[in-house]
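The structures considered in this document are given below.
There are two complexes below, and they share chain A, which is joined by chain B in the first and by chain C in the second.
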Partner chain A sequence: MLLSIVSYGLALGAVYALIGITYNVMFAASRVFSFTAGTVGMLGGVFGALCIDRMGMPVALGFLLTLAAGAVLGVITEVLTVRPVLKSLDQHLYVLSTLAFALMLQQLTAIEWSTEPQPFPRLLPFGPGFFDQQFWLPISACVLTIIGLEWLYRRTLVGRAFLAISEDNYAARALGLPEQRLRVASYALAGAIGTLAGFTGGEMMLAYFGNGPLLNFYGFVPVALGGMGSNRGAVAGGLALGLFQQTANFLVGGIFASVAIFVVFILVLLVRPEGFAGAAPARRV
Partner chain B sequence: MNDSATLPLPAVQRLKAGSLEAWLPTAMLAIAGAALPLLGDSYLGVIATRAAIYWVLVSGLNLVVGFAGQIAIGWVALLTLGAYVTSVLCAGTVMPELSAYLALLIAGLVGAIFGLIIGLPALRLRTFYFAMTTLGFATIVTQVALAWKSVTGGGVGVPGPVLPWPFASPWGFYYFCLGLALLCTWMTTNIAASRFGRSLVALRDAEVAAEAVGISKPALLVTVFLFSGALAAIAGGLFASLQSYITPDAFTFDLSVLFFIAILIGGRGSILGPLLGTIILTALPEFAAPLVAWSTFLYAVLLLVIVLAVPGGIADMLDFKNRRPLERHREIRPRPELLAHIIPPSAQESLLKLENLSLSFGGVRAIDAVHLTLRTGEVHGLIGPNGSGKTTTLNVISGYYPPQQGQVRLNDKALAAGAAAARANQRIARTFQTPRLVGSASVLENVMIGATTAGRASFVESLLFLPRHRRDEARAQAAAMTALAAVGLDQLAFVRADRLQHSELRFVEIARALVLRPLFLLLDEPAAGLSVEEIKRLGALIVTISRQGTGVLLVEHHADLIFDICDRVTVLNLGKVLASGTPAEIRGHREVINAYLGA
Partner chain C sequence: MAISRRQALIGSAASTATLASGVFRPAIAASEPIRIGYLPALTGPSSSTGIGINRGTELAVKEINDAGGINGRQIELVVRDTQSDPTKAVNAATELTRRHKVHVIWGPLNSGEALAATPLIARDGVPQLHPCWVDQLTDVKKYPLAFRNAPTNQQIGGAANHYVVNIVKAKKVAVISDTTGYGTASLNAYVPMLKTLGAEVVYEGSVESNNPDLKPELLRMQAAGAQAIMPWSVNAGFLSRIINTRAELNWDIPIVGQTTLGSGQTKALLKKPEYWEKVYPNNFRNCSYNAAGALPPRTVEFVERIRKANIEMGDTLLWWIALGYDGPRLMAEAIKAAGSGPEEIAGYWNKIKAWPGVYGSISWTPELHDGFQNEEIVMCQANSLRDGAFTLAPGYTG
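For the complex of A and B:
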């Protein structure tokens, strides 16, 4: 029983962590939080089931198509909802524009796909049990993503350019970095990571349009608590959240787990609005 | 202050006529609503009832979203809460049955408390975080409703309350809801046109300036969340009655989206706009049956279009008055003689002393052991090269930054460090380097924001348009009009502030500061961007202000202006006081010439 709590909790936590990383990658490129983070996560599951189950594609092709669709959605998010409002960042219009786009995607899924949870195909012939793929797939996806991002940011020129625009947008532009193209690329990357979360967690969470808001919230909790922009914080927070949720689910029931997470989330933010690892906001006058 | 009310100011009359104009569309909607049963269409009646109930909630939420600018997207949680509280109390399953009215009242109380709980994070958190907490709350309430079977009936649900005669019949219930909706419209319109409404908008669009005139964000937001939560829960009780039976399924997130988007489509800072938005969004899917499944999708598309293309919403489109072209070649003609009506003559001299102030940002010592004494009745110039700490000094005096060392004393009483909103009560006012005004509000409203701390009526008094509120308004209006006339902008009182030229905005800021009847007035580069003629008039205005008994601290780069009008000048360099004395002494000071003035 303990084993199932741990494996299920870690797997769920890995999905949350990946959504948290999705938030972070978009935030780093544009100082914008996007409501589409959870929505692309949800779509990862739906696209996977659509390609593999409904259309009978091979798993590898379905996987690649899903990631590509995520990247395309990321680009659309940037062009349609972020770029037009970047000029007036202080008015926080991005909250509304990304919310609108996320709602459109979610409603479209509800109407065109289904409002009921649909099964997600088994991808590889492993399991059941502790080594069931539905558990280790999201966990390894999360590990690979973190390693990949670290490699990208620390070892490649493009990655350093990403870091430069997230550190100081104006200075980066003054140095001649193609800020806009890098931002689009970041959004594409974020979209792909989001669908990766939904795809690898698909068997566990099913292909269900209602996962969107859920992932939005539970993906945001570790990011907010860990401090915006910190991927390691997001992973640590996500895994802890998943484990806590599963333990509470098992011991006292899901409702109390949800209420407890919500209360902790609010209390921590009230005490430390910038999160555990974040810095206090700068001067404003 | 009494004689200022008798000043010949024709514009005040125009304002009163304007408010009648503002009521006309609402009155027409009310008459149409009252006449609706004549059509005898019961289906139409249900839709209209639903729109009225939604409006009860949206009118309250409008103060949170439209006025305060808080992105509260999960307000369906309070509707759910109110629906269950009312239904459970009326059903008598948990405790003895209560009358529906009493149950609605209790729901309102519970809603107020939960509105406050949901709202509290807004005091500390940034927009997106707050949006997330409301979203999280919305999911949790539904889950609790599902799980707490012994009270809520779980997935099976509970019957909704039935109002007693004469409101039991569908049309009777409709009139009840319509009456409540009208009451809410009236109350929120009163708030919108009160110091509370203006303060909310100021917090939304110019938070720093709002603090400088003494608006306390926590107190105001707490009040608004209580009010909005109560209305939402009462709407929930009525919603349950209309549904006649409620399950958690009835409270989808789509409802939250509808409420939220109705406000944004209507336009932020308006009452009529969101009212029309609510009616349109409620009715639209009903009259276009194939659209029902697509309704939330369409709302979302509408939201995106509004945000990207028409940020002002319906209210902006209906604002014909502000499309009339303004006179092209306007001149600002201050009438300093009017200042006597604004600033009361003070018998004794006051002193504002900066003692040994130091503040560093990181490794940079922005100000270093600064001493400075301001006297009422004098103009004190503060000059120095860029980055010498002038604005930082101003910000420490007005309480935005707590100094790391030293203090500011007003007549030998230390001012609380870092308490910006408390300065207005000490009658210390200021302007900003970049004018901080509410672009969507009229010039007059912007100036009236300065009268916030002078208001005596409570939120409830304003809500119900009681005498004290009307007296407050009349006084604030008269004071603001006089201040505008004094700086020479009374002709533009009813124009939206964002249509003004830069130089005019600077004078509006001075007018807003004057309404505080300042003992000390801090001006941060008021002459920047002004023409030579305007600078001359500004100088005369500042001198007259000081001769009324106000101490002026003038941060400026225009050396001519400084040496023309200042009684004393202090020069800062690299955060330290380089020299201090009369203009003549400073002009001849060798180090000042080297560091700043040039030969």
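For the complex of A and C:
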């Protein structure tokens, strides 16, 4: 039982954490919570199965094309659903625009792909068991992503420019940073991370259009738990969520497991509304 | 003889009056085609069923028309593809009843669309025949002209329960569903039926259909001593996870339930083909092979006709084609014997007893418009699909 909790819990948690990072990368560049994050994650599984299983591409090529498709979707999200509403962020129109786009993508997937879950190919020729690739692939992807983002944000000029626009985009523009291009690049990066989540978790979650809403919600929980904008918080929150979900599955089971997650989520937000890694907003006096 | 202008005018006025009075109307009506409004889902997510049923329906209409029609009147199938969308089904049903004034409606062919369209068809007073399983779709008070030539969900669950308790002889049963309306409604309906049959339901639970790990649930079933698992879901992912997990636990108790257990989508999601052993979905006796690999004689003759008509069977299910074939034949028989008026058709159907369909025998009464017989609903072996038909599950005779 413990092995099952740890293996499935960490793997699911890693997928949630990657979706949480997708939310964060989009949020950092635009102050917008784009509800396409889970849908892009779902499409990672669908594109992977399409390229490798249906079109017979090599795994590496299918993987790269999936990430590229995610990046393109990220750019489309920025152009179609975020840019037009940036001027009126206080009206929260982005909730409608990104949610509508996510629903369109989901329905399109249902029509063109399938309404039934489809198999996702085994990517590497390793056997089943605790060290099954369906468990360690998403965990590895999550670790590599957080290391890569830390390196990008702290060691590269482009990364520092990303941080600059997330801190204060007016000041960044005043310094001559190409804010719009950086935002588009952030969305492309977020799209690629989202599809990475769906691709590496594909064998566990299958290539299924119905995974979109699930990832949208369970990917948002780590962001809320870990603190908005904090990637490390999202990883910690995601892994904790996965482990808690699996433990609840074993201990209470059925729909009660979902109820247990909601209860803990609400309790945490009541006690610490800014999340574990987030800073409490400063009060202007 | 010369005809004066006055005589000609009087004559033509008389002819016009005669035509208007309807003296010639019976002759016109007697030769006009019988219009069957037909509402299949030929595209969209529910289209696999619709396409299968459509093959049988077209064959039946062609055979009837080739044989001279119904009392000399040809059948005109007025087809509207519902695109698996209840809204389109409603619009199409209204168009068929009001604009095309069809004599009778065949469909919609899936429950979601039928739930939306049946009240409107009933309101317009057009007889309706449909093959949908949702229990509420027949009600002699609300929909006196609506008839069903397929089993209800109650009958489907009852047949599975009968197999588990009386044929497999399982005393302890685990019942699991997904959290959809269908799943939870089935669970709530079938568990009391199982208990009435004398089984002990040792596990009862609903789980989200895209939960990737069902091992905790199956471990609970195992710990409770379950001797059979009955999953109620139409989600192939959910069902395949139950089958895969059972195999990974080295557990070989039977899995008995809904037809999706035997679908190609479920098969595609199994980790190994042998995991499909001891999985028994619902099926229908007339469209199942017996232990010797033979179909019932009535069905053998039907399959011959399908083959002669070059109708593809390998990519669909025989019972879908058979069901589609029975629909127009039931209509033709009623119109031939009683007439094409709504009350005449419904009146004839109300008295039908053991009508020998290829899909199943149909009996209706004025009080009950669910015509399918319980004993014709069986379980089959999921891994036995051949030419669109399955082999009966172990334990059945005949």
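Going forward, the second predicted complex is superposed on the first by the 274 of 285 C-alpha atoms of A that agree within 3 Å, B and C clash if a C-alpha of one lies under 4 Å from a C-alpha of the other, contacts with A are read in each partner's own complex, and residues count from 1 in each chain.
We adopt the following convention: a contact is a pair of C-beta atoms (placed from the backbone, for glycine too) under 8 Å apart; a residue touches a chain by one contact, two chains touch by 3 or more.
Quantities reported herein were computed from a predicted structural model and do not represent experimental measurements.
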item	value
Fit-or-clash call for chain B and chain C when the two complexes are aligned on chain A	clash
Partner chain in contact with A:273 - chain B first, chain C second, else both or neither	first
First, second, both or neither for A:246, with chain B first and chain C second	second
Which of chain B and chain C A:224 touches, first, second, both or neither	first
Which of chain B and chain C A:84 touches, first, second, both or neither	first
Which of chain B and chain C A:214 touches, first, second, both or neither	both
Which superposed partner A:99 touches (first chain B, second chain C, both, neither)	first
Partner contacting more residues of chain A (chain B vs chain C)	B
Partner chain in contact with A:254 - chain B first, chain C second, else both or neither	both
Chain B versus chain C as contact partner of A:107, first or second or both or neither	first
Selected from 153-161, 225-233 or 333-341: the stretch of chain B that, after superposition, runs into chain C	153-161
Common interface residues of chain A - those touching chain B in one complex and chain C in the other	111, 214, 253-255, 258
Residues of chain A that touch chain C when the two form their complex	1, 4, 8, 12, 110-111, 115-119, 128, 204-206, 208, 210-211, 214, 246, 249-250, 253-255, 258
Chain A - residues contacting chain B, complex	33, 80-81, 84-85, 92-93, 95-97, 99-101, 103-104, 107-108, 111, 213-214, 216-217, 220, 224, 253-255, 258-259, 262, 265-266, 269-270, 273, 283-285
Residue ranges of chain B touching chain A (in the complex, touch as defined)	71, 73, 120-121, 124-129, 131-133, 135-137, 139-140, 143-144, 147-148, 208, 253, 257, 264, 293-294, 296-297, 299-301, 303-304, 307-308, 311, 361, 391, 395, 400-401, 432
Residues of chain C that touch chain A when the two form their complex	44-45, 179, 205-213, 215-217, 219-220, 235-237, 240, 248, 265, 268-269, 271
